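For reference, the structure is listed below as structure tokens.
Note that the chains are named A, B, C, D, E and F in the order they appear, and that numbering of residues resets to 1 at the start of each chain.
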């Protein structure tokens, strides 16, 4: 069991990361990562949706018929998202305003339905829930990293508007890197989002390569080619 | 709230009927993808992909159970062709399934040692070995796929691997180097 | 007797990449001298900064990619990129802006794709557009040309502006001005007509008989350089010809329709970066379409988009965007404008 | 028969999930409705309060919203809304929403608060498409330029000084971006003119102010 | 007439769904490796996007608005879209295997293309009427198709380029998309509305 | 058919009737200073069995046989094939694999003939002017038996090309557009009448209505000679057409376009547009075959380049060592760098001169740095997509795109870009500023595609055989089950005999094994066919052996358990 959990965790956070490897959920990923706080907000919303939807789908997995599978999954996800949307509008109104159209669009965040299809509909409740959490967390981390990078480069600040989520006292969190920083607008404009994610993926590839190198070399020496049987 | 529930219930029931009906009305059987995949596989039937032959592997790929990088005889070329067909990312040959041969090989039977036990004939998936019981056996080189499946069963170890020599007809012009200075990752 | 082995054919003509690139540089010289004459020291600073940053980053990227540095540096492509970028940027652009543009051009637009020959987008234009959208304020720092409103700043002023930050907004305002195309567009969008701008007490001075003061010289000399390049066989004549003809046709059509708010064809062909683009930028072989018909469409496409952006868009001169947009279309153009192969019937496969 | 059953199960299945989904959402909606309404009002109020200090009036600003017909001085081509502020039933100020038409990239929407005496209580840009980094300096988040209007009136500065400096007026422009401030200055000036012309009408409207449809 | 032309211009170029509005990115990245498949996807999306734009208008106008349950918009829209897509897929699969070969595999993917829901929601937000919705949906689809096809032709070319190893694949594709979006910024301000 | 009025004038503007092409320096004077010399006899000739396109002939002689000059050594085998004749009288020393001028550098069967210097001809029965009485079929038979293949470069059996399929125009190709080569030029100067006679024979075979001899305008003497011969000829249907000097106007397709204005379909043959094209030397060879019953046992070869002491054209027997030819021309100069068979555009560098002259050897070019600089290193710059190659490609292809996809081995796309329309002329290569060996990429891609095609065919066969086998096995299994069932039934009645039989079998096998082991122990099995293997291959085989052993051990262990 723990082995399975470790695999799920590793998959979600790294090897099969929704944003960096599967390239799903890109629209919100690129659109709202203009700042740290936006990324965090959407990340949390997506995480919750993923967890809940994965568990729901897992529960009902034995009952759905193939011809209505997608409509039912979509219905479930849409209900969850709308509920979250309403809740957010009620309790984090300003954040809700900044995230705009992307909250309802969590519904079509491909990663959610992809997880429902490929994992939750085949696995137990516990595994599915955990998978949803890990996938969501992986997504959230990327959102936050991309948001921070874009905010720092683009505006020269970090944690701007933190009060939208953490209340007034969070205004003190604001970090500013020099008042004269002209702001490299590219980073917060659409092209910057694409390029930023492209660079993040390259970074991941680089790390993977570095991690792999020693492993393969020991493999090569330790393993004799298996006989052709 | 009840308005919502009722509206949605009505609409979804209607949709459900529609889909349920069309699922029956527009039912389709068969999957041409398997044939397309099978056509790309080298038909060595060696089983290195862990399936019982090329076609079973093709079926497994079509179902999404097997990855596209498990066929060592096909090597990079087959992986690329499959990735192309299925619109997937090209990936390197999975090491656990074996390595791609650099040169094509066939086997030959040392005629002096062969005792004519027919075990190799039974092993050969493509009927490339000729011979009758207790007579010396020969490999029809042009039919041999080089799967080496006949080697282990031979009780007297008289089957050997040899590379296929190029002829004037099968020889290939060398690819120049340069420009694409680093050959693309395989 | 050596019995060397090689692949046929063994005869080669004399052309090589390096000499092509050098010829492009030579052809740029008259135009850039004119730019220096009219816009002052800033032009030279731009060139110096862009060249050093481009070459340095080219060398750095080659090192990172473990490729031989020397031959690639010698091929001169980074030099061409640097010069074209420098000549497109405003003369009083701060040094860091030029450096960022150069870095983007070489590192992102060129080497992430594999260096010379592989980049789908024109590196110089990517560099230009990146700084244009990121630092629009600095991108408007054009000096008034020689002979207008006191002309260009002195050497020390120019150094102060380009390399220091110690100049006040007021002072900066006094020595900078938008380019004629930009001014015309903004005013026409405010429903003033061309006549109003040309006789305006501040802006009027910027305009000569045909176009902005100095610009006709600059464009004329680029045109001359370009013609020489065609003669030398460095560039293909289809792109510049279709570019210029399309621009003339479109602008002439509109200016005949509405003389008051659309400038003449002559104005458009001799303003801004038109000639530089027609002969040096649109013709970048790597990023342009390579089929004969594709090149004609490519040139015409750049002209049309550039004209639209010039007249109605949000950015001053649309050429950089137009080039990038057509770069995007080039692979598709190449695919669908394949010439009829000898012995093939016209029907497409 | 079997087929019928299959079709029916499909329908029922989808229906069940629809009912559950709708139930959950409907329930949430009903329980958050009030809170959301309050949030939205608060948001608008907060925006208005950046222009008019909350101490300067005592009425419920949001309830005293009126509709103004289209006007060239306001740059509007449709009805626009205005909020009226009173203290002890005495008119204090009005917040208009004019539009500056000649922005660099299109219209710039403004909120202009004008005290009853014709001085400016404050100006804010609510919506614009000016170039980021250049024209967007008119946003209060980006620079204090827009705050410079506070306290100005038709006579302060003089009529011919209601221009940007480049045009010989009193208001700063930004290097490389004269269009945007020019447009804003012009729009604010026109709004003052409008107010001067229609002040009494505006404040008279209060009584027959119709509740404004949120969705329109 | 000009109104509709402007809607088209705006959705195709100035506010391109993919490069400017960030909608429909997953299929944009996912099915652009080959020009042929990209064209299939473009065709399928154009069909679904236009249809769902119109349908969502109808649903909104004749069901949600009269019953005052606009907050169920997302659920209703997505349900309609999913069903339409599923239904189309089944019909195409049965009736025209040829067309299914071209479009079939993409249809299910389209349900989760946020451009489809996006266009439905934006339609309501900008209060388009029926014809406007039609144009809006169609324009968005054409914009999507345009960049998808251009992008896939570029990717085919880049696939053979000497891209540094760690940038190969999706990384360089995203950077390319970034530069494309940079180029599309040139259209900004063309339509001043 | 023939557009006579459209005498096509080439001018310096590069205007010509096919797309592209390049102007090249001629260097023909080098070898046209002296008349064609006869190469003296040598001692040993190596005549490859396969010097043409098509199947190898069927060998008629064996080692040790004595053969006469002109005796057939191999006869055509199958439709597209060519006969081989002995160039001298003497003894066949061996028939074995030798290297001969071929890009692969592979060895292939050759007749090695020791000259007895008697110069004894086999009996000949020339047809002479009587050929006019013979039918096309007989004439073709004579040409086929004379082993005549196209001498213009490809070596396609001439008789096969001359089938009567409504051909109206015969083009005799005396263009010789490649630099340095002058064998056709000299041939036309010295044997114009014979060429015309040959052309008339061909024309009769294919029943052609027109015959055009095409010569480039840089060969005035050949033009004079040929026009004189045409004037002397009374039939009057042969005409001369001078074409401008532009490479590759001698290419069949380009020449046909120039002369008739028609394009040979890309995947078709000249016959599809009713044209047949032969080289002047082919025509001359046909003349010799009909009038003198001389099969194709010699040809004119240009020995040229600054690397050879006295460049000239020589008439030499097929099978003559190249080394001897060069020596006959005074040998190499000190600064000679490379030996090319063929011209500088389409020729083949040889890594030794100990190879024979073959039917398609029109030129032996010995280069010095003065002639051309062969690339120092194999690497080249990336393609900058300048499009110069597009402008010169006579096939109107997009070489840069072909290169892009060929290098990436994206064969489908290369085929779509009409890779197979490329005639490998090398024009693109010549102009490419990045010095990309484009033609080499295309050749590689083409042979790669053929290889893929072969593999696909092979895998189709394998699939078929596998399926057959499975079907058979299924059937057998059923039958076996049936039998077993019956047996079981029988066994149920009385069991014993069967088991006994089985034991016997086992014993037999054990016996055999023991015998083999014994034998093995005495003299280890020597695998055959393992000579000539590279280290790597040996290593692989050894590895397989090791693996096998290991496996067997494992199995043995298991058995023991």
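Methods note: a contact is a pair of C-beta atoms (placed from the backbone, for glycine too) under 8 Å apart; a residue touches a chain by one contact, two chains touch by 3 or more.
Remember, predicted model here, so these are calculated numbers, not experimental data.
Measuring centre to centre, with centres taken as mean CA positions, what chain is farthest from chain E?
Between chain E and the rest, the longest centre separation is with F.
A-E versus D-E: which has more C-beta pairs touching?
More contacting C-beta pairs are found at A-E.
Compute the distance, rounded to whole Å, between the mean C-alpha positions of chain A and chain C.
40
From the mean C-alpha coordinate of chain B to that of chain C, what's the distance rounded to whole Å?
The separation of the two C-alpha centroids amounts to 52 Å.
In angstrom, rounded to a whole number, how far apart do the mean CA points of chain B and chain D lie?
67
Any idea how many Å lie between the Cα centroids of chain A and chain D?
Taking the mean C-alpha position of each chain, the two centres sit 35 Å apart.
Could you check chain E for residues that touch two or more other chains and list them?
Touching at least two other chains: 71-72, 75, 79, 83, 86, 90, 157, 160, 162, 165, 167-169, 172, 175, 179, 182, 185, 188-189, 192.
Where does chain F touch two or more other chains at once, residue-wise?
Residue numbers touching two or more other chains: 381-383, 407-408, 434, 437, 440, 544, 548, 551.
Check each residue of chain C and list the ones that touch at least two other chains.
7, 108, 114-115, 117-118, 130, 133-135, 138, 189, 314
Which stretch or stretches of chain C touch chain F in the complex?
Those in contact with chain F are residues 1-13, 15-17, 19-20, 71, 75, 77, 114-118, 233, 236, 285-286, 288, 290-292, 295, 334, 338-345, 349.
For chain E, which residues are in contact with chain F within the complex?
157, 159-160, 162
Please name which positions on chain C make contact with chain A in the complex.
Of all residues in chain C, those touching chain A are 100, 108, 130, 133-135, 138, 165.
Using the touch definition up top, name the residues of chain B that touch chain F in the complex.
38, 41-45, 53-54, 77, 102-103, 105, 108, 110, 112-113, 115, 117, 125-128, 143, 145, 148, 151-152, 155-158, 160-163, 166-168, 170-181, 184
Please give the residue numbers of chain D that touch chain C in the complex, ascending.
Interface residues on chain D, with respect to chain C: 102, 104-105, 131-134, 166, 173-177, 179.
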